[in-house]
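Two complexes follow with subunit A in common, the first pairing it with subunit B and the second with subunit C.
Presenting the complex of A and B:
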């Protein structure tokens, strides 16, 4: 067993086209191809995203994992045309057939809320402290769905009920400071769902919450995604959260996707040294007092990312080609793709991926 | 192992405009020399208030704190200074705990100047020794905090905490603000330092996986009270208090086979201003009966080294 060993072809970080005939890949709601986002400055230009390619199929929950500064949040903002100035976006993002990059802001405005809704990390900052929950919910619903205020109120209450807020009528009259962090995040989810979006982008929705509340929100999101057949792009740095919510997973590092594939396969047998190192560096419940593998060095400075593969200065299996050549993204088996010159071999016979490959 | 720190019946209430917040209520525990004790619980459960009381950064209402058999007594700044030479703290966020206008030499050197009046070459040598301990070097002496990454900043904070050669280090969520790939560096460094210097740690965290990795014993707090204590592997393998069970079941697992296992505790942490009359966990507890709502249960010993405050232990 092993991954394909053919030399990578095409431009470094170039457009990666998935093979035809893969049932999961053909019906994509979101297609990000070779996305670049730069923030030019007088002294240095920060290259936040450097050739990110990512596909999210209809109805799947896609996890986007990376450390801070890996470009995952900027990628999400770019999907809604929300990259703040002076950010420069190039490449292609097709959201429900609509090209986002280079489109007029008025055109992208139509996508926000109705086609794709976003749930932010800190609900306390995303809601306006001066207006009641009800006012903010109905305003959004009226704006996005173009309906009457009274009808919007009904939809808002229904949405609050759906996210299991106790006594939604009363919650409508409350101000954000009167609710707890967990309840506010439920309100944010209700706001996103009330607009009936096709895609929900959740940017670290549970990071600011306590463990027990995080578990509640994860279960809620998982159930809602299942009931409504939602497509979700779930951004997080917590691999455990990914394991609990997502169907597929893409690992980002220094502005690029390093590896993607099904959660089961990827977490069981990571092929990229970065994913593998990360899995062994994070303490996990049930492992006891094992020594953690240390990833040497630090996250790269995105104003001057390392040449070649950005992970090579920290990589245990880096060779000479890693410092000069950017590994191209290529598909291996079982719907997985990887950008690495020296991928780790798959464990013989144990992986669930092997089954899908054989069929 | 000999007893290093002993805390008995520590209580701290804060009077606010809206009423009295019972931040810490009747908390007792010990830390043996060379031991790592973890204090876990959700935000607002009083973990940090315990830490600050130990350092006398806030004054507890009642209770005793003994260190190496000696009482924490006296109210003068001078006695507080002596106290803080023996136990020290590393805060959660190295981005806010280091003064951005001070050079690393001055950050790590400040406690040495205050406590011993060191200066000149002796000071620099001593600072360098502590920086070397945490894996930094002389080239870093003249730099400012903004020139360092999060992991390096936390190393600087650890070097500062170790400058007075304390016996006990309080670690208040030392890895929570760090990047995932950096957390292991800091955790491993802490374990190396513990072995080399014979340190004891009071490790405050809400991350149970980290606690399992680093701690010998664990204390679980809920709304100002201790609800369970015991050796980490025993408590995590078979928790007695339903809250501990709930915490463990709330940790999302990386193993997809355990995906359905996530069983969140219902409800939220009650307000510390208006806590439930009996067991604070009763409103969220599936096992709670009438007697749970009457009076708060006390921490009762249950087996060697273990204790729990529950009328219906699992």
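Presenting the complex of A and C:
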């Protein structure tokens, strides 16, 4: 890949390397560079992703957080070449050395399942209601791994056991409506695992589940990722979850990555005002009946995003330059990157809020 | 042990419910039962025609010319002295064959077109559907008449022509069903797991459109028989000496006043068969697709 310059280029979301400046290509399983996804319409074009740059190293669990509509899910779909028409994708996504953007669908099809598998938000709808769990599992396994039906069945049962489904043999004969949401999500995880992918993209895998089940599924995902040495792109809008699962974190807003870095560092001392606002908005138990914090304003309309830094209309520390100039992504110390004209001072800045959150 | 007992009990209960449901359904659908019985009788008559028929349906016997129904000829004889009862029996074979062939052929053309059009959408969909529309634009019997006129008369050509003018209905049904599930998450999920387009169409989209196809097929079966008989009646379908009901009625139509039996029995056969098939079709629709009632 060559060493990319980290100096501000003036170009929004210019190419940069978030970790060590001289990282070698093979270290990253997924490299997203200056990704743009647009949905042209008759009257307006929605720019869902506007120069997203993100690197996921082999074996790490990367968290991707942001509000609804920040472009997280579209970025994930773009990684598999699955942006629905009429979406236009430009930029570069290298998945395990293969360029996804602009490739033939037939070529991308070979990456799906085997190289990268996806777990969806709503497990109840991600399985075909007409067929049994077993048939759908074996179908996918046969298709991805090119093995016999009987062998696939064995792998399916093993995978169901691994995701701790009670009585996998019986579960194989069940239809999706006969299982609970938590069980279905386990089945989806089993399906992804059984394909032996290198990368698992989990798109808000716990959003549709009960809180107690959420915890179980997250612990399961984390453990499985560790056991199998999986690389995970974990998409969520639940900041409470990322700390316990992820190694690194990228915060997305209005189609761009605002800040990225190690989870501990980012949660303890957010440098981007948006990250800080997000963290303040997380409701905490045991803090009494304090008013819920919110970020003033709303997520920008992506058909007409604000000029300059997209967050500036809602940003407490915005200056005049923020409205006109898109802040370039630059590296700060400790493998962190940030795109902001006025980053917050590093440690012990707004101490108490952040302190409690990091724990 | 106990679990086993419970399992057995559960499966027994399930079996009972299915039977009970079927009984309940038939009890409240006398017409469906009537249709089924009639249709079964026609099918049996067609299968065992050589055993039941007292005469060779094509055998000409001028001694029995235009003999009215009686002991010798159950349904009388026509102007060539052929036994009408035997002809009606053999005609059942022709008609059922026509129904099966026309519907299967229409499905064989229409279903793949609908699958592809619905799944891929866009320009391909537009192109395929406009082509289908061309076939829908002609009045239902006019296109077969034109096609048979071009290809030459005969039962085989008539069946081809009917199938070609019928397939767009299946294309449209399948396309609609596929488009409905195209946005379902399980299709995206399957794609994300590397399942290819052909596999998704066959494994996910096709089963989903099976119910409306079966319903439409059972409803069309009777109409296909009727249409084939019509084509034969106007002389571009089956040719003599093929025992075909429409043809039989056509050949004897001038004798209707003096020798009523020559036209009435083939006509009745068409009527009863189409009625039976439609009753069965209604019943199938009501069970499989209650929303469409």
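Here is the rule we use: the second predicted complex is superposed on the first by the 320 of 359 C-alpha atoms of A that agree within 3 Å, B and C clash if a C-alpha of one lies under 4 Å from a C-alpha of the other, contacts with A are read in each partner's own complex, and residues count from 1 in each chain.
By our rule, a residue touches a chain if its C-beta (ideal position, glycine included) is under 8 Å from a C-beta of that chain, and two chains touch if they have at least 3 such contacts.
Remember, it's a predicted structure, so these values are computed and weren't measured experimentally.
With subunit A as the common reference for superposition, the partners subunit B and subunit C occupy compatible, non-clashing space.
Look at A:279: by the touch rule set out above, it reaches subunit B but stays clear of subunit C.
After the superposition on chain A, the angle subunit B-subunit A-subunit C between C-alpha centres rounds to 80°, nearest 10.
Contact with subunit B, but none with subunit C, is seen for A:243 once the two complexes are overlaid on the shared chain.
Touched residues of subunit A were counted for both subunit B and subunit C, and B has more of them. Contact with subunit C, but none with subunit B, is seen for A:85 once the two complexes are overlaid on the shared chain.
Contact with subunit C, but none with subunit B, is seen for A:120 once the two complexes are overlaid on the shared chain.
By the touch criterion stated above, A:45 is placed in contact with neither subunit B nor subunit C. After overlaying the two complexes on the shared chain, residue contacts for A:139 are found with subunit C alone; subunit B is out of touch. The superposed three-chain arrangement places the nearest Cα atoms of subunit B and subunit C 13 Å from each other. Shared interface residues of subunit A, touching subunit B in one complex and subunit C in the other, do not exist.
Interface residues of subunit A, counted against subunit C in their complex, comprise 80, 82, 85, 106, 109-114, 117-118, 120, 122, 125-131, 139-140, 143-144, 188, 191-192, 195.
Within the complex formed with subunit B, the residues of subunit A that make contact are 67-69, 180, 182-183, 210-216, 218-219, 237-245, 263-264, 267-268, 277-279, 281-295, 298-299, 314. The touching residues of subunit C, counted against subunit A in their complex, run 121-122, 184-186, 188-196, 199, 203-204, 207-208.
Subunit B makes touch with subunit A in their complex at residues 42-43, 149, 151-152, 179-185, 187-188, 191, 206-210, 212-214, 233, 236, 246-256, 258-259, 262-266, 268-269.
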